[in-house]
């Protein structure tokens, strides 16, 4: 295969070497390299996984609603909560953050696209492949059952002889590739593609937080990669990394997992912090209070997140000195996080706040995350944690920070940027119902878990006996879970209903929220080429500052309307990266390799061939479709410094990670 | 694999640096944590050799020294290949690329020999935590070297087809970065795993 | 992370002029070869661990950074590259050293 | 409209309700973590309580501020002037960096003091009568977790000479008990926690926090009870299929009762005299002895199980629960809970999920009903029944 390619390449590209042209229908979505479309793909996929993960959560709650529940057997229950955790963390929150990062980050820095559009598409397809692969385990009837942190040796071949943990190890490995690739891509994008004048300290906080997250991913993903490899080698090739009988130490897994795992929780939360740092100033009609402190505290959280992993191991027997050290280091994470909370409050303080739905959700984050953060602080007190760990008190903590922090923030983002992506607003009325049902249901579900946990209810138990005082609050929590479900359902209805309404209603206009940052310079929805021309950035919140000035008394006065400030999206001569088939083909190869490792190596051959083909196709693919329209090279972005035909056709070779 | 041939020398990017090169460096930063994890695993397990041979029993330092030297010298040839291309000296570029790939292959050959010898001496992959960790660490490194060889050969093919010109020397530079990184990892492994005295039975 | 990103735009345009000559590269390689030979020599000489291990570490670190500086061009390339690499390196070192410490010294009790 | 009435106070109502319930919930919650029954757990509690309080205060501050923002600064459309544009305030930032940092530093100090105290050992030797001889015993018990039950091993000569390196092959002990750890009140008891298969976690909330049982490691831990009673626990590290059904109790007795218990446990099983029990013994030796040990009938040897051990049954009847502390052995009137025990012998995996075919957990042995009756008759001869108050205290309903 490669032979022929190599021979053909120097001549004019034909056949597969031309890039796909289709701009309509599903082909367009499959081959797109447009960061906006990829963002939407991420979002839709993650929401589908959210419904799956939420369905699993509802099963958990049904089982636990009454003592000695019989909805799920012990075996099924273990699979359900494992897949619930894995799905929610790796297939919902992370890709939702990626959705926002993809769609907004290039816009917020005034770029045409990300630095490597095809790699960007690759990230998405690899993520999808990993997610489907993981859930495939349900279909073969062998979903992983070792818990989301998969402690060895329970996940080894002796104690998990089924294929479930193989799906876990390989599935997460695949999604890890996706995260790593997209992290590298976005770092380069932020560093290299900013609009003229946009220094780092003129970047929106959302962009900043995404940047910090990409660094966390960059350095944390390889750690779990190692852990998962070791697990896989243990299971499939008879290695002895976690086999105590041969003298191995199971704590090795715990260290590796949590060295990844704790930065991971900040990977989950920081995007949401970024989102609400955009929403709160907009709706408070005030600039973000203490911008540099918001940036530095985010960076500080990113750094400190590396030094606290063993707080998940306070009772593992790592020794009193280690416990003491990690206990203290954990406590101080409360400081930069507190700076953020207080700065948001200070931003709102003295504002004139419009409580539209995005703002409601952002407000929800500030208060609900605080509850979760404070219970986190109570865990960091190691002696106290010996009573708390592995109880529902922990379950309460992390749902408060993840649901109350990360997820609510993401919903704030949905409502805030929906017009940016789709050209119409989500319904306010349904939105408010959505918010209130979610927040009430959420508190009903997870609030009582504090009590349950302190009353001694262990987590990961598929049933409990009456007489331990668990009955009432479990039922209460289960009812709450269904209230959340109704809330989520309203969101789905809102999406459909507002899209339908938008067909007849007038368009949303340029600046529905009186917003502040660069992405609002483009019309809604964003045109394919993003910006008509480069934006010269001279201040933070450039968009806002072009709309408003100050009079001599320091009062804010309008100097321009959004119509005057915005670009009209009419540029037609911009040169866009062409779509490509190869990312999806490459991604499709990975699950086959994984199947091969589980079942028969023949699948590996198949998958390997696909990957090999895709890499070569990728390399020999011309940068542009030679038959496609050629604009002149304007603006800045990957297409900037004139691509001559010769360069375009040559082998673009860079090492593959 | 990257799209940005256009910005080959980074003119017009925010930092003035090429996207591709930046990407490689970012990637190498990430690789530090990958190899760090594997090396730590090895260090934790080096004295847990169960009933099998201990590292101190079977390491053949003179042999490994030679192959380490080979890999080290391949870094020299790699940089010479780049420097040749930067001068527009296509012929020497090819020669050095080929030499680098050969030296890399020699190193891999040495590793294959080492592995088979160890196996014969009773150190299988499943023998002990030590053996698993040792083969995994050096195996990962070997896979990295092998990937590097594939990349070098692709460059060579590209050069023979006349497309690897002076203007595109950055591609060689990027492959070179990867190659040197793999070398640098071995410098670490050679000292910490082989030369620092290992436990014996 | 902030430290990583500060390189002002376009400052390192001149990078191609001061690339070392091939001769310099060969010299570097000779130095590396000699240090390697010294390293290997320690294997044949009896030495207490307290001397040997710091010595080996020193030579390793020297080789490591010598390769990075010359062959990987960190000496004359943009400092931003160095920052990325060193961030990864330092982070890996600290994190894994902590992990090893926990395993080796503090795990009792 | 309903939205208007859904104000903040409704949202936080569950918390206030929760706090109220928390304070009064101890009565029917045997695993309550806030109801210490010994000095160790009390010192955890007295560290945790102020921290809950501090957290609660911070919570109140943030929520009061939020509520004020909610009401004071909402846009009432009275003006369309922009509010005063504040970009930040350096001193405020420093304030709310230093403030929490100092607070956390204070918490850290108290945490460290308490932490090192909890990890210190402060055991006194006890005098126990072993075979009529007063022996000075450094009270330490070996606790071994396996899927899905606990074993407790007492070595009255102390653990110094005992090789604990291989949990699957521990040297013979003076007493081997399962699922119920019996301790004397008023003394700190050391535990050496280990595992024969996967990671478990030993946890009696009323007496101390938890500590993982990690295969290949020996984790020191300690408990102390002030008053006699039955204290409940639950394995709290996910350990596979029946993790939920891996419970345990600690029975604290005053030292006199403890001595009686020790005397009884040191006896090997007596040969049965009654015909049914004798038939039962034969079945036991044929069917059960490949896994279970009854001292005096069969000694030592590994069980045909992944963990290499099944509960020692020599004094089965002296326990109040079995099979991971989940089934009650006695009715509240002190008679045998026969249907449950028979069901267990008929088909154990149906009563408590296990991977019996994977040699984890007790298999269904295909005994006939007559055989079951005989085996029960035999089991009834194993050990003296516990005191009525212990039986009563084991019932959680």
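Just so it is clear, A, B, C and D label the chains in written order, and each chain counts residues from 1 on its own.
Methods note: a contact is a pair of C-beta atoms (placed from the backbone, for glycine too) under 8 Å apart; a residue touches a chain by one contact, two chains touch by 3 or more.
What you see is a predicted model, and the numbers here were worked out from it, not measured in a lab.
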| request: Give the identifier of the chain nearest to the protein's overall CA centre, each chain being represented by its own CA mean. | output: A
| request: Weigh A-C against A-D on C-beta contact pairs and write down the one with more. | output: A-D
| note | Rounded to the nearest Å, the gap separating the Cα centres of subunit A and subunit C is 34
| query | Distance-wise, how many Å sit between the C-alpha centres of subunit C and subunit D, to the nearest whole number? | reply | 50
| message | As a quick test, compute the distance in whole Å between the mean CA positions of subunit A and subunit D. | response | 38
| note | So, in whole Å, the Cα centroid of subunit A is separated from that of subunit B by 33
| field | Multi-chain contact residues (two or more partners), subunit A | value | 191, 218-219, 247-249, 251-252, 317, 320
| said: Give the residues of subunit C touching no fewer than two other chains, as numbers and ranges. | reply: 80, 88, 91-92, 95, 99, 103, 109
| remark: In subunit D, the residues touching two or more other chains are 119
| Which residues, counting only subunit A, touch subunit B once they are in their complex? | 6, 9-10, 115-119, 180, 183-185, 187-188, 191-194, 218-223, 225-227, 229-230, 233-234, 237-241, 243, 246-249, 252, 256, 577, 615, 618-619, 623, 636, 638-643, 647-648, 650-657
| said: For a test of understanding, state which residues of subunit A touch subunit D in their complex under the given definition. | reply: 73-75, 78, 145-147, 151, 153-154, 158-161, 244-245, 247-251, 284-287, 289-293, 315-317, 320, 323-324, 327-328, 331-332, 334-335, 338-339, 341-343, 345-346, 348-355, 363, 366-367, 370-371, 374-375, 377-378, 381-391, 432-433, 436, 439-440, 443-444, 447-448, 450-451, 453-470, 548, 554-556
| Tell me, which parts of subunit A touch subunit C in their complex? | 191, 200, 211-212, 215, 218-219, 249, 251-252, 255, 259, 295-296, 299, 302-303, 306-307, 310, 317-322
| task | Report the residues of subunit B in contact with subunit C in the complex, numbered from low to high. | result | 13-17, 21-22, 25-26, 28-33, 35-37, 39-40, 43-44, 61-62, 65, 68-69, 72-73, 75-76, 78-80, 83, 86, 173, 176-177, 180-181, 183-184, 187-188, 190-192, 195-197
| field | Footprint of subunit A on subunit C - complex, ascending | value | 1-2, 4-6, 80, 88, 91-92, 94-95, 98-99, 102-103, 106-109
